[in-house]
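In structure tokens below, several structures.
What follows is a pair of complexes built around subunit A, which joins subunit B in one and subunit C in the other.
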Partner chain A sequence: MANLLTINHLSYSRNLQLILKDLNLELPYGQIVGLLGTNGAGKTTLMRLIAGNYIDRKNSISINTETNSAVRKSLVSFTEQVGGWSGHPRIFKIGNFYDALYEDFNLTTFNQLLSNLNLSPDQRVNQLSKGNFRKLVIAVTLARQTDLYLLDEPFDGIDSMTRKKIISSIIQWKPENATVLVSDHHVGDIANLLDQVVIIKDQHVAAQEAADTIRETLGKDIETYYEDFYREEL
Partner chain B sequence: MKFDDKIPIYYQIKQYIYKEIIINHLTPGSKVPAVRQLALDLAVNVNTVQRSLRELISEGVLESQRGKGNFVTTNPEILNNLRKNIVEEQLSLMYDHLASLQLTPDEMIQALTEYVNKRKETHHG
Partner chain C sequence: MFSFSFGVLASLVLAVILAVKQERVWTAPLYRLLPLSETKLYIGNVLTNFFSWIYFEILVVLLAFIMGPTSFVKILQTMNNGSFLEYAVGAGIILIFPTFIWCSVSLVHLLTNTFSDFLPINIQRISRVVLIIVLVYGLGKISNLATNSFTMIFASSQATSDASFYLSFIYLILTTIVVSIINIYLLKNWVQATPKTA
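Our next item is the complex of A and B:
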């Protein structure tokens, strides 16, 4: 089967600063992929470009062979696209909002996700704790039925019980053919979940390797493998 | 279940299922939980569980019945070999450790016999 995501020679600058340079990446269908890199390596920028939130003028990115960024936006469910509603709506109102906004949004799935994540539809968003807000973002993102999910640091600053709930939701709700790209700087959080890892360093993809190859052939855990990319230059 | 992050997860899942069969938590002929359920229970990727099950099926430890799921084999030969192999694996680790301490095979047998007797006493005492 053809790749879900193909990126050819992508470069991107912002405010005269080069963030990504000649980046190449291919992702297949049906996998969970870890996107690793230090703070400022360009993980979020890459996700915004894939999702079509930032414009890639050279059409270097294609999803299902679609390069148009406006069309791509509809093919990708991205955690960062959650938000921007007015006032302090209750959670069920937010469900209705996205149900109207996205054709692929499934309200039944959304409600099941809420209940799995112990969120009440009657809670108001401004009254949610940081962890519960993260859970809501995950529920909205996974309630869309699409081929590519981009989860940007979904475990940042949350406790281990919440993390486990979010991981269960990903396992349970990811459509079989869909691919999830999840960025994290604590690899250990998600190591058991990954089919492969992509490491962003020096503005491009420095490595892309299957989790089993890292463990079986290199005899390393994923965290060590990742850290070794930085150790070499110390 | 706690995984060792240096060892492929699919391999550890296989070991886990072997053990469940040997201690009769999964009895011969019984149905193994569905792939996604196993993935949820173990908090791992569905693809990883699929790989483990695929290998267990090709080893004959599990039998796949189209549309019904996967079942533990009832073949006594395979089940006996499974038990034998798992025990042998542990013994081989122990043998290598003791050999690296320069124990002769006779000394190993003597040490093991003494140790087993000691454990039996503390168990009954």
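Our next item is the complex of A and C:
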């Protein structure tokens, strides 16, 4: 089977600053992949480029062999697609909004995710705490039935119990063939979830390795493997 | 008369609100991540504003009639010496002019956004202000030149003042289309979403 995501020689700069340089990456179907790197390494920028928030002018990115931006957007569910509503809508209205706009949005799944994450459909967005808002973001993102999920720091501001709930939601609600690309600063929190890791350093992919290989062949845990790339800087 | 004045004021406020809403769509990830081509997003957004405007203007006219039927009829009587076509074109200008303004505002916004991406992040604020001033001045000059050329072509055809009125309507539509084509090109190739955290 061909790869779900293929990136060839992607370079990206903005405001006279080179953020990604000659980046290559291939992701297969049905994996949970950790995107690791320090602050400012370019993880979020890479996700924005994959999702279509930023413009890939050279068509370096293809999902399911599709380089067309509008088609790519239909194949990606990105946490940044949530937010920016006018007013302070109730959560059920937000569900209706996405249900009307995305063919692959499943309202039943959304409501079940809300229930799992202890969110009430009648709550207003402005009444949510930072952690509860992150839960809403996760619910909206996972309620789409698509090929690629991009979760940019999904556990930011979330307590450990909820973190576990979100992790089990990801495993439970991810379609079997779908791939999840998840970035997080706290590597240890997501280590058990991952099938492979991608490390971004010096504006490109410094390493891409299966989690099993790291643990069994290299004899390291994922956190140590990741930190080894920054050993000189520690 | 009061209801007419109120209608004009309310229309101005609505025009500003709709302009702000339209501009938000071009850079908000919520809208830019929708699985649509930029052309569909642009046309959808502009038409939403256009129909909101028409809807509001119909309400204003109805309200003016309900609040003062006598003065409403009087005003209609004062405009009794034109043809149906003249009134239709006049109404068309009133309805399309805001769309022309919104599209022009979008052009300045999208151009500013495009150029800003090539400037250092630490001078963004000042450079944006300078860019807006330069762009408004430059686009004003271009618009003047186009209007003068159009008037000269029209003058050489020795048309009547009625024709001038109709041609200005066509000019408004053509300019809106040209500005929209440039806007769509910028959206497709240069203008990127601006996430809150960026």
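As a convention for this text, the second predicted complex is superposed on the first by the 231 of 234 C-alpha atoms of A that agree within 3 Å, B and C clash if a C-alpha of one lies under 4 Å from a C-alpha of the other, contacts with A are read in each partner's own complex, and residues count from 1 in each chain.
Note that in this section a contact is a pair of C-beta atoms (placed from the backbone, for glycine too) under 8 Å apart; a residue touches a chain by one contact, two chains touch by 3 or more.
Keep in mind the model is a prediction, meaning the values are calculated, not measured.
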(request) Consider subunit A as the common anchor and indicate whether subunit B and subunit C clash or fit when overlaid. (result) fit
(request) Report for A:Lys73: first if it touches subunit B alone, second if subunit C alone, otherwise both or neither. (result) second
(message) Just checking: does A:Gly84 make contact with subunit B only, subunit C only, both, or neither of them? Give me first, second, both or neither.
(response) second
(request) State whether A:Thr108 touches subunit B only (first), subunit C only (second), both chains, or neither. (result) neither
(request) Mind working out whether A:Asn39 is in touch with subunit B, subunit C, both or neither, as first, second, both or neither? (result) neither
(request) With the two complexes superposed on chain A, say which partner A:Ser160 touches: subunit B (first), subunit C (second), both, or neither. (result) neither
(request) Based on the superposed arrangement, let me know which partner A:Leu194 touches: subunit B (first), subunit C (second), both, or neither? (result) first
(request) In the overlay, answer first, second, both or neither for which of subunit B and subunit C A:Thr65 touches. (result) neither
(request) Rounded to the nearest Å, state the minimum C-alpha distance from subunit B to subunit C in the superposed three-chain model. (result) 28
(message) Per the definitions at the top, what is the overlap between the subunit A residues touching subunit B and those touching subunit C?
(response) none
(message) Residue numbers of subunit A touching subunit C in their complex, please.
(response) 14-17, 44, 48, 51-55, 57, 69-71, 73-74, 78, 80-86, 101-102
(message) Applying the document's contact rule, which stretches of subunit B touch subunit A when the two form their complex?
(response) 3, 5-11, 36, 39-40, 43-48
(request) Using the touch rule from the top, collect the residues of subunit C that touch subunit A in their complex. (result) 21, 24, 28-37, 116-121, 124, 189-190, 192-193, 195-197
(message) Can you tell me which positions in subunit A touch subunit B when the two form their complex?
(response) 30-32, 164, 167-168, 171-172, 174, 176, 188, 191-195, 211-212, 215-216, 219-223
